[in-house]
């Protein structure tokens, strides 16, 4: 288990992370109803002795651009020990039907890299989660763009020695049993229902060495 | 893992189970925001191949008396393979300050036994969860009454060969690290927050042979 | 133009038709905000001399089963000259992940046929619209089920000499220019936004001989 | 068809244009429920390959005076390729029962001319729509004032080579079949219902060379 | 002054009378905000010694048909000394665009006559108010229908010796000073604003011999 | 009749005048539901040719102190031809149970005088209405204070040649027929119901030479 | 102190008693915010050892007539040991301005007597509270009617050996220090504010032998 | 009785004091529904001749830190004759599970002392109320922290010659008859129900020499 006594874990991202969290940031009962609150509940129930503090500053609709704008107040000022970022869906979403898509992916990578370089030295650990689409057809236009995002996230995780959470792989693993769109609230293939969020939470926890017996 | 392909698991009880579930019964996104939805999310995320269906018919404020009154519509008619019951807090709550308490515990046991005998033959498995108080002082008047309930539930679980979930023990296990009242929403020592519900969900899942790796 | 002076056109179906219409049935300003109101607005603006009356009895969530249950009150009692039916999405939706899917399509066809036989003699004309998915990948599990529905609807249209509206073909025709999911409100690939509804309205109007110049 | 690939069309005006659009400006699903959203839906459904963007900055209650005050933020800053203006009802409405009416029409013309001169050079095309009254009696006091507005708009359209949309003529064309007040929401003879808005949308589209077959 | 000590005056009709009155009937502060409450306020302020009781059972949307259906509960059971009826707008409104209009006026007259004959013997006095349109153009289609109603009401008033209130005449009398549509709430030419209701109230009071000095 | 063609009449005061008027000031349909709207309705219905404009800037809870603070924006800037003031109830109300009451009445007089001197020269006419209590016992502590206010208002009306409206006298005149508290909404003896407001409106209109026949 | 261990005290009446209590009856936190909850709070805080249960079945607007209609469900079925009744304000209120007032007081007495005779034998004790008016002028028309009610209540208390609570006397006792109308919420002289309710609660408690030291 | 004619008593604290009071401060009917309004009601009902004014500036969630921040506006500017403070629950609450607890109690004492020294010279009298927990087990972690707060409050009361209100002792005195948690609204052991607030109000009143007979 990588997190230690009294560590503060900050989780940030877009609407998938937000899920109705409190403002200015979510904590305890105000983490929203997505994977962030599930991660916190599992950490507290299974590792009560660690007193890990979890914060959530996800904001619905955010791209890396908006994240950059609120970086000081929503990330750096909170002085986390661990930081988890999952972003990119809205960067991609807005490109649908625009020829400048690839160029945008470059902007996405550059912005993310800049943020990582800024924060990495002050952290005990960084966690990078890929975006995903609840769609198993890799030729789908949106899925394809998401996969390209995922490749970027993986590359950055390797470069900066971050914990890598491959959320798309976690969903693909259940795709033979579950029609993936069914895991999304309102079938939009983006916002997970409770079970979909648990797939994310489990992938996250596995990546940080969580153990169900609390060892 | 005791549950099998396409099994239906019905979870019933009082407000701790209810947690804002849908009417006439909760399923999928309508399971409320308590341990029932956490159990479902973990079962679906970890055992997608089993396609287990989870239903919730908890009703806030219920004692065994009210459960008995809605037994046909809320339990039997739903024809569950597995049934989980957690009830008793309100039976006890109402006795505070009344001399006829012990007599009431007898009524509690008798009613619960009658319900178990009625449903047991039609089930693949029965799960009995004790009520609890988020209080570590065993001399506390309310905790003491809860413990007596717990003894009854344990006895019934043994008699009828049910899966036994000792929720009080699960909470006591974290009491050295967490001041228990803190795990209750609004500090009432009865209604858990998200982490408290996860303690319940984990105790439940451990009792039915759940394995984090999905084996 | 197939509709004539003072004809009453009844449009029924599921949530795609409903769109917030008035109860017990929608008319004029109470047709909801979907293709039904667009069809009415175009008919009244372009053919004011025909005084065509349009009614809407779509009900969100309906399958052929629920349509059958409300057939008397919502269709026959309203004595339409023309009747348009678009149903099937919910019949299919609920089958996702169930092995008995094919059997269900048979039920779908049988129920629809029974309704058609019941009403056809009293109509001036029947209009059958296929269900659709805003998805261009024909191998997608849900799209594939929808296409099977469409085949059934086409067969019934031919058998009973109904006007046939191939909504999936109408959407496929714009798929090279528009990523189809983008035409759905909230990206669920089922409920169209305003432009998506206009694709439906236009396919409908073309099928009944509508002419933009009102001739 | 006068609009071309990727053109931005800005529609502005008063409450007849506003119709509950989003702020600061409406686009896609936020265009309100009037002729602006109908125009967009028809353009997108019939000419998907053009990817025309439609914006709406109508504001309920506006006269040319208020339009002038918000000209920078609501028109110029949005840098439209095409601009459509329909305004004047409120300029006229407020004059009822005042002797200085004619003087006001002069103010109306002057303000509108000033705005046109300011924006014309930066546009691909300008569209001017007359105001109207849903009243066929040309001697009616309000209709008469509206007609005087219409004359001004027509003169300006000719002077500045704008596309001219004669909305009053479009309504007069259906007046032999429909009692015009009936086309207004709540019978106020100003705010159209869905069919009335479609009369406006069709007149608009005809003026810009729209073709139902999308050619 | 025709009303006497302790007389009960029942005013009934459609939405013009209703104006948000209490249910099952309005009295004192529950008379709604139209002419009925103005009539009551003026009677009580100017003739306090008469203790006249005013009731209101107007119902929005009513034609003579609906009035007939609620005649027992809303008129006869209240045992008024004086009864005032103003109805017909909705009878006419619904005929717009229908060839069977004249026939309908006959139905209107017959139903009204039947109600009058039923109640007349039990009354101290009957008051019949014409419907009206806030439109001075007598050739307007709706105004013309209203005037035909007015002729019927006048004929009935003469036949049955009722107090006759010519509301259209009262509005026509101010038409040279006020553009009539301006007297309607939301300019629909049917529902008066406060001043329009006062025109009705004054015509009513003049007809029953009201005197501003209370003599 | 003292008011003339196109005169603007501004009515101000406390909650008795306010009655839910629009902000920043009430006009036409926004005059609230008290005597101000009744005065306007009667002036417009009976003297349509005068086109008198009525404004209302009453504010609930105001004493002369608050009126003084908003004097510029709520009175002077509106440039009325005629101004009517009714204030004092809250000045008195707050004194109940305080020994410094008489001193306060002096403050009341001084503030009112100062406002009158400030505005008088710019007016065609000033109207001063006394406050009142819906209580006929002149020995009642609150009534007695109100009467002292009334004496001050009368004195000021004489000094500054204002139209004087003795509202208490108007209510006393009906006290032999009506138990006065009954004329107050909620029996608080301060806020009139509809009939009570008409007593005020009639006293006001009589004082300015209003004639029911409009002469 | 007249109440004893485990006694149930039922308090009933009109809106003065109701004060927003729970339905079907108020208890503990559901007693409303009037004298009933103050009585309960003082009894529980000062005499905790007695475990007295207090119920409230007051209903806003009730006269003795309505109390009689709900007598079985709201009084007898609750099997109180002690019953307190305060009613009459609405009986009197409705008589204002009616010549048959005295006759009504007889009806009031007769109904109240009948209820007392029906319940007295089953009670440990009956408590009768007079109605009151927050008005010190005994010549006031409403106060005078209230005093006549009070005489009746006193007579009945003597006849049936009930505890008598003279609420009017309790208010008169503070009238030299407090202008009584000020003790009513919204100055209606009927519904007390918090301090006014405490005057009632104190008069009630003094009458049953309550002692601040709990002896 | 320590309070005298026309004294102003300001009560401040956290949510236990706040109880929904008005802003910027509560008075009369705006004191909230806790002990502050009960104290006021008892003082006014029993000592009407003293005309004591009671203000409430409690703020939910406050610790001594927040109280310090609003000290000028919420305490000093109101210029009370008497000041009552009850604070500390939130200071303690937040320490649960933190090792720096004791240090915090020192901060609590220092801040409170500083505030007392600042205000004491301007007061007729200071009243210090201890915080409490509705828990009779003195070994409970939260109760133990509360008791340490109480020791500090008592020490400060002695040092600064303040009236001391031992609220915990008042609750302990009823603990043999009432299970204390039952006195809290929602069983959180912090926020009292009506009876619990009356225990506080009575302890407060006893400490200032209140006498039920008003002597």
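As written, the chain order gives the labels A, B, C, D, E, F, G and H, with residue 1 at the start of each chain.
One rule holds for everything that comes next: a residue touches a chain if its C-beta (ideal position, glycine included) is under 8 Å from a C-beta of that chain, and two chains touch if they have at least 3 such contacts.
Keep in mind that what you see is a predicted model, and the values were worked out from it rather than measured.
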According to the touch definition, list the chains common to the neighbour sets of subunit E and subunit G.
F
Superposition of subunit D upon subunit H: rotation angle, C-alpha, nearest 5 degrees
180
Tally the contacting C-beta pairs at the D-E interface and at the E-F interface, and name the larger one.
E-F
Centroid spacing, where centroids are CA-atom means, of subunit C and subunit H in whole angstrom
67
What is the distance in Å between the mean C-alpha positions of subunit C and subunit E?
46
Scan subunit C for residues touching two or more other chains and write them down.
51, 97, 178
If each chain is a node and each touching pair an edge, is that a line, ring, star, complete or other?
ring
What sequence of chains forms the ring when you start at subunit B and head for subunit H?
B, H, G, F, E, D, C, A
Per the touch rule above, subunit G residues touching subunit F in the complex are 96-97, 137, 139-142, 178-179, 181-182, 186-190
Considering the complex alone, what residue numbers of subunit A touch subunit B?
28-29, 31, 33, 37-38, 40-42, 44-46, 48-49, 51, 174, 177-178, 185, 193-199, 201-202, 211-212
